[in-house]
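Please find the structures below.
Both of the next two complexes hold chain A, though its partner changes from chain B to chain C.
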Partner chain A sequence: MATQDGLDWAGESGQVSELRGSLFKYACLGAVSFALLSVLVLLLYVAADALRPFSADPGWHLVYFVTLVLPALGLAGSYVRSEKPAGEVAVATVGIPIVGLLLAAAVAVVLSIGLLSVAELFAMTIATAVAVGVIVVHARNRPRAAFERLVVLVGAPTVALLGLPPLEVVWLINTALAELGTAARIPLRVISLRELVLSAPVLPLGWMMLVGSVTVPVAGALGVVVARRRERARDAVTFVAGAAAFAAVGAFVGPALGVDPTVWILVATFAVAPVAVYVEGVVRREDGVAGLAFPVVLVGGVLAGAVLVEQFGFAPPEPWLDWQFLTSVHSRTPADAGFYPPIVGSVMMMIVVALAAFPVGVGAAIYLEEYAPDGGLAGRFVTLVEINIGNLAGVPSVVYGLLGLALFIRFLDMPSGSVIVGGLAIALLILPIVIISAQEAIRAVPDSHRQASYGMGATRWQTIRQVVLPQAMPGILTGTILAVGRAIGETAPLLMIGAASSVRLAPSGFFDQLPAMPRQIFAWSTNLEPEIRHGVLAAGVVTLLVVLLVMNGTAIIIRNKFQREA
Partner chain B sequence: MTNEELSTNARTEAESRDGESRGDGTGGSTADPDGEPLVEQSISVDDSNVRTTPANPDTVIESKNLDVFYGETQALQDVSMQIPEKQVTAMIGPSGCGKSTFLRCINRMNDLIDIARVEGELEFKGKNVYDEDVDPVALRRRIGMVFQHPNPFPKSIYDNVAYGRRLRGQTENLDEVVEESLKKAALWDEVEDRLDESALDLSGGQQQRLCIARSIAVDPEVVLMDEPASALDPIATSQIEDLIEDLASEYTVVIVTHNMQQAARISDKTAVFLTGGELVEFDDTESIFENPESQRVEDYITGKFG
Partner chain C sequence: MSTDTPTEDITSRPPGRAARERIYRYLLFACASASIFVTIGIVALLAKDALDFFGLVDPVAFFTGTEFLLSRDQFGVLPLVSGTLLVTVIAAAIALPVGVAAAVYLSEYASDRARSILKPSLEILAGIPTVVYGIFALVYVTPFLRVFGLPLNTFNVLSASLMVGIMIIPMVSSLSEDAMSAVPDSLREGAYGLGATKYEVSTGVVIPAALSGIFSSFILALSRAIGETMIVAVAMGSRSRLIDFANPLQNLWQGNQPMTAAMVQINSADNVSGPGFKSMFAIGLTLFVITFLMNLASNRIAARYREEYS
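Now for the complex of A and B:
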């Protein structure tokens, strides 16, 4: 018989107190909202300073809202409601050209600052192709000679690209010999294929070399995708030939249209060709074709908006962050101040950081996780080392700057305030973080897979190479890129190694003066001109954040790609 | 009691009981002199196994006074046993009795544990595997292993089976080797047209058969199995059991199991380990389940202990 008393267990009489739990839940919610909101408000504030949206006529906002924002939102809403593939296609067709244009811009900058000339690029491509060819032919003809393959794997690229011994090694040894006062010098060396091509009496025209060294490899990679999709190898060849022809046309048509041939070739290679391949695939599969309308609506909206704004005479906003800001150097007049050298300098510094920190950090992590003993006295020493790597991660960055100053400038006599010194000092700074994150990624590989591999008669090296590293790689890459992203904003070490506040020229080599984004921002913060302190500085901060977001986005894409393959 | 005595006893007992217990399907219940069933659940020894067993098979693995320590703890005490070639040898016993430890001694997987220490001898084809000049990697290429939980690599089905061959650089006829191994592991029909898919998409039972295919693709002489069916459902378990019986025609199989019915069904020889790492009895499966010598083994098998 269910009486009123018999229902006590249902909890109506309040025996189960949820009060403390709910309070705790709302306290946590409050903490997370406060943290996110305060960061968001700060970012919006900085973005408003950099872009100055309110300097525009309200009519301007209205026109673009009607022509661009409303149609785009409507279309996006219809994708969300109707079909998933269309949304993916829309994101990809907008994303691929953006990424392609960024890549094209990167190559254009590399060529324009003289880091590499077109001829050097061409020679490098030929040498790389020959080295890869030698490796492939050797592997096909002598598949079982393991040691020989290692020699070929290291030797072929060295001889093709650097020569034997490399020029830098010869220079180092000769300098050392001269220091010692001996007259002996290295008499001769095997000249590399790259140098051979460079010293050829006649080189092809610039645009031919650019097509050969940029368009053909990129189109070749895309051609593999095409061939796999259509299961016909000939289509890949047709595609490469077509892409190369389209790029080459730019050399003749470009000047007539007022487009620089180099820009034409790079844009055709990195943006047009991938988009063409992607769109062709979407049309062929007939899956999500509706998504192709999205970029059309975006471009159409921008064009229509421009015409209407012109018609009504609405004033556009005058942002600090504009094309002029990204492409010119610092100036005392706020309107002319630019950020170009620091962007190039910071990216070059990041290359040094990644090249220095990644191999050392990952190598250390592999040793600590896979080889180092866990038991006995040696094991205790390893534990001590691991604890201290954790402590090193907490050492203030200004101390690492001091270490860089002492080690690289005072002791190794590198040029003060150069790209290489800044990169190496910051590489030291993020090294502990790279080691720890790589260790965690390696530790996350289940032990059962190692056991399975050893049980199959694999050596330790084979187990690490075939089982541990492939599974740990996404985690290692994510950790490294996030660490490099942190490093790009480091200012204190740059102050310690003597990076100049404003550098008028983008560095053209790794031993040049380093203009870095955070260093320039720091210099602007004490400028007497209020417009520089508030407007230009904010534009610099937003640029830095965008570069950071691009890097972190890359990390996420790489991780997802590896995870899907695994 | 030495091993020799044990096996002599086993043979005489088997002879004396001949014709008594065969074919009634309840195996264990008739052997007890009191007429009471020795085993409550019907653990029946599969007769076909007994018949196909050669009279005096060659010993392929022999342990002599093997002791294993993990740090201060002794995991195995003075184990001596002869494992015959091309038969299924089962090891049973309660948790923590050292049967897995013994299994992992055979292919020196215990080397991977820093604190493990092995004393005594363990001979594979007459050579002590703990001799200085034995390379554990080479040893493991002759003795394959299947683990308790299916542990395929996160690679394609094909790459999983080809893994061992590729390690050795034996890449010729890889397609045939993969096909044949999958057929032997009774998995070919299920995965034939999706060899490129990830092995992790297979069901647990399929994954375990894939692991068996992976370990026999390199043509080992011995396959060690550490509770291969303990993480699987009854249907997958029975598939694995059928497979093990088939494998015994080509390979020596040593299997650790918690499941006594399983040991009774599939094995030719059974070793019973009891707490403390002691090998209490090692004999033909039939004798162990029908007429164990030791009272402790009888208690364990009938469920009074463990």
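Now for the complex of A and C:
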């Protein structure tokens, strides 16, 4: 095309202003930095209030800087520069025991508040094992009887764990019958295997049951990893036996060393055994063995620092966020105030949220992605559902609190401010988020895989279960963990369903009063005492943020691992 | 071809398989319908109590009253609405420009490495619980702003709105960045080919092309600011006031109470019953309708722009 005379769009070179462009660029960079830095500074302030690093002697900082920070930084630097796998090994060998210890602490708390006794745990394990065994044997002997398998799949766990009909159902029906004034009651029920075990005249000793119901299943799962890696099934059996033996030793050696046998068994199960498997794998592969030095340096640095600080008599800092804060109950005096009931309450609420939102959310996502018809009345219904889910994700959380109040407390007459009501209200709140993220994960599974599965003669459900879900699961899990993380921090719904502040007892059942971390933080925020405002409150905020950080970190690790494999 | 292959094994349908397929289908359908029931539940349960409330209190008095005082049974919603408006406007004044500028940087200027660090960091900001933002406003931001000589009360509109604004920045930036990344590279290359600078491409091509996505992120962020509860409940006090136009800055220094905080206050007060308690549901329904309509509009706009470029 011939050039016309209107070249004014290009301008002359003198009109191109470099200044304007770079001003714009730095303004945009400034916007990102403003958002990030303002919050970072506030986080630093709250961390400084909670940990009070400046209450220590300068010498204390110096000692730990020399014994711990310098060697660790040097080692980390050398990993970054030379060996990438060693860095990963270093992170994993530090992270696995931390996560393991957190899990062990969670189980110990569950046992100590009486939510579940060791005997119940043991009975449940045996009943579950028998139910799984029945299902596996049935599937092996009668592989083609699909409907029968469905019956076994639902029936075996029900009979083994709950009885027929379940105790709670019998109780409900009997109360309903009594309300109606009839004398009829359900006279008989098939007692479940779990109840049978519980009512057995002789139960094994506590530590034996703990090893049987915690160590053996966890070690079994790890043993599968071992067996797959070495391609020898017998090694798995050896590993499980070894782990169980090591845990059992604690029952005898522990008291002599002043360690509670329960603590020994839980730590051995959740921290020692996984680390052993991981370290063994690293040594065998001879890939990044140098990374194993990192935890040794950390532990050595802490010990050496402790000895030196003791020697010189340097005063350590006096943080608000300490062991006492995490393990004691609420108190009026700031120095004794604790956060234990809210932590337990939040964890229990999280269990309710996950159990309620995950199955329904994933089920809805599967329907919308795999079954949803395109046209017709049903198709229009599906479009309506999708639009509705998108809108529900933006409804303010306080409205969900109002829904929980109206639905669960006023309509269904559940106890006000209980764990179950809080959990269910927040589960409704995160349901749209779970559905949307699960939909994205399912959509990412390539269609060719589905068609290959159909081509082999698989039905739609078989395709979903064997092909789609295994591939989508990491994405679904990531989305769910992030959503549950959001659930922990939600405060407004808890206020609306009447969660009380300053509950002095950790809940030991799902119908107990719910003390939750954000609720307690809100209660503290109305207190004007400076020691509360700049001490206890900050410690609570930091605890909540650390829990969130651990959860989000887990989700991101799952996502990265998945992305690398894909 | 041999005829003795067990063809019936391949084509046979084991008894019950079709039934099982159907059971799973219905189960999953029930899960999908759950979201509809949630919406119906919200509307029905809130409307029931809200109607009770309007039986006790004249709707005209509710929507046009200029005073909200539980102790004197005054239920004018206007002061609450004005409090919500005030927070939303200040938060938007911060979050919209900052969010869009951040999105431009992430989408047009940042290197891949910088983006891979900055984007997750912004997502982390979105994951901080709002009660924590409220405490930031109350304990740290207000004393900080006083250093500059601002005559702030302990509970004030300014620091709470600032934190609401910072809280919704990630929402604006992440959705706007998605929209800008979706602008086809051919448009950018065309502009470069015509001699445009990077600045001209960003402001003259990318932002206009992504405008509907940016608007949709604005609406979503505003709806989030309107529904934000904990920041305002923690840091803005519990006294509702109409906006004072004679003395505009005074509105920022003193406390105020938006709709969400009023609901929390009504529910946490023990001795409130009758119309006071029911008024909570009327306010909640108003809030639900406003945010639901805004989300609907936002999704509509976003859906239209998705069709343009894919």
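The rule is short, and it goes like this: the second predicted complex is superposed on the first by the 471 of 566 C-alpha atoms of A that agree within 3 Å, B and C clash if a C-alpha of one lies under 4 Å from a C-alpha of the other, contacts with A are read in each partner's own complex, and residues count from 1 in each chain.
Methods note: a residue touches a chain if its C-beta (ideal position, glycine included) is under 8 Å from a C-beta of that chain, and two chains touch if they have at least 3 such contacts.
Because the structure is predicted, anything quoted here is derived from the model rather than measured.
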{"item": "Which of chain B and chain C A:P446 touches, first, second, both or neither", "value": "first"}
{"item": "Chain B versus chain C, judged by how many residues of chain A each one touches", "value": "C"}
{"item": "Chain B versus chain C as contact partner of A:R52, first or second or both or neither", "value": "neither"}
{"item": "Partner chain in contact with A:G457 - chain B first, chain C second, else both or neither", "value": "both"}
{"item": "First, second, both or neither for A:L403, with chain B first and chain C second", "value": "second"}
{"item": "Contacts of A:L548 with chain B and chain C, given as first, second, both or neither", "value": "second"}
{"item": "Set of chain A residues, in rising order, touched by both chain B and chain C", "value": "144, 146, 457, 459"}
{"item": "Chain C partner contacts - residues on chain A that touch it in the complex", "value": "9-11, 16, 20-21, 24-25, 27-32, 34-36, 38-39, 42, 45-46, 144-148, 150, 359-364, 366-368, 371-372, 382, 384-385, 387-400, 402-403, 405-407, 411, 428, 431-432, 435, 457, 459-461, 482, 485-486, 488-492, 495-496, 498, 518, 521-522, 525, 533-534, 537-538, 541, 544-545, 548, 552, 556"}
{"item": "Complex contacts: residues of chain A adjacent to chain B", "value": "143-144, 146, 373-376, 379, 446, 448-449, 451-459, 462, 466-467, 470-471, 566"}
{"item": "List of chain B residues in touch with chain A within their complex", "value": "107, 109, 112, 114-115, 137-142, 144-145, 147, 149, 151-154, 163-164, 167-169, 171, 198, 211, 214-215, 218"}
{"item": "Chain A contact footprint on chain C (complex, rising order)", "value": "10, 14-17, 19-21, 23-25, 27-36, 38-39, 41-42, 45-46, 48-49, 97-99, 101-102, 104-106, 108-109, 118, 120-122, 124-125, 127-132, 134-136, 138-141, 166, 169-170, 173, 194-195, 197-199, 202-203, 220, 223-224, 226-230, 233-234, 260, 263-264, 267-268, 280-281, 284, 287-288, 291-292, 294-296, 298-299"}
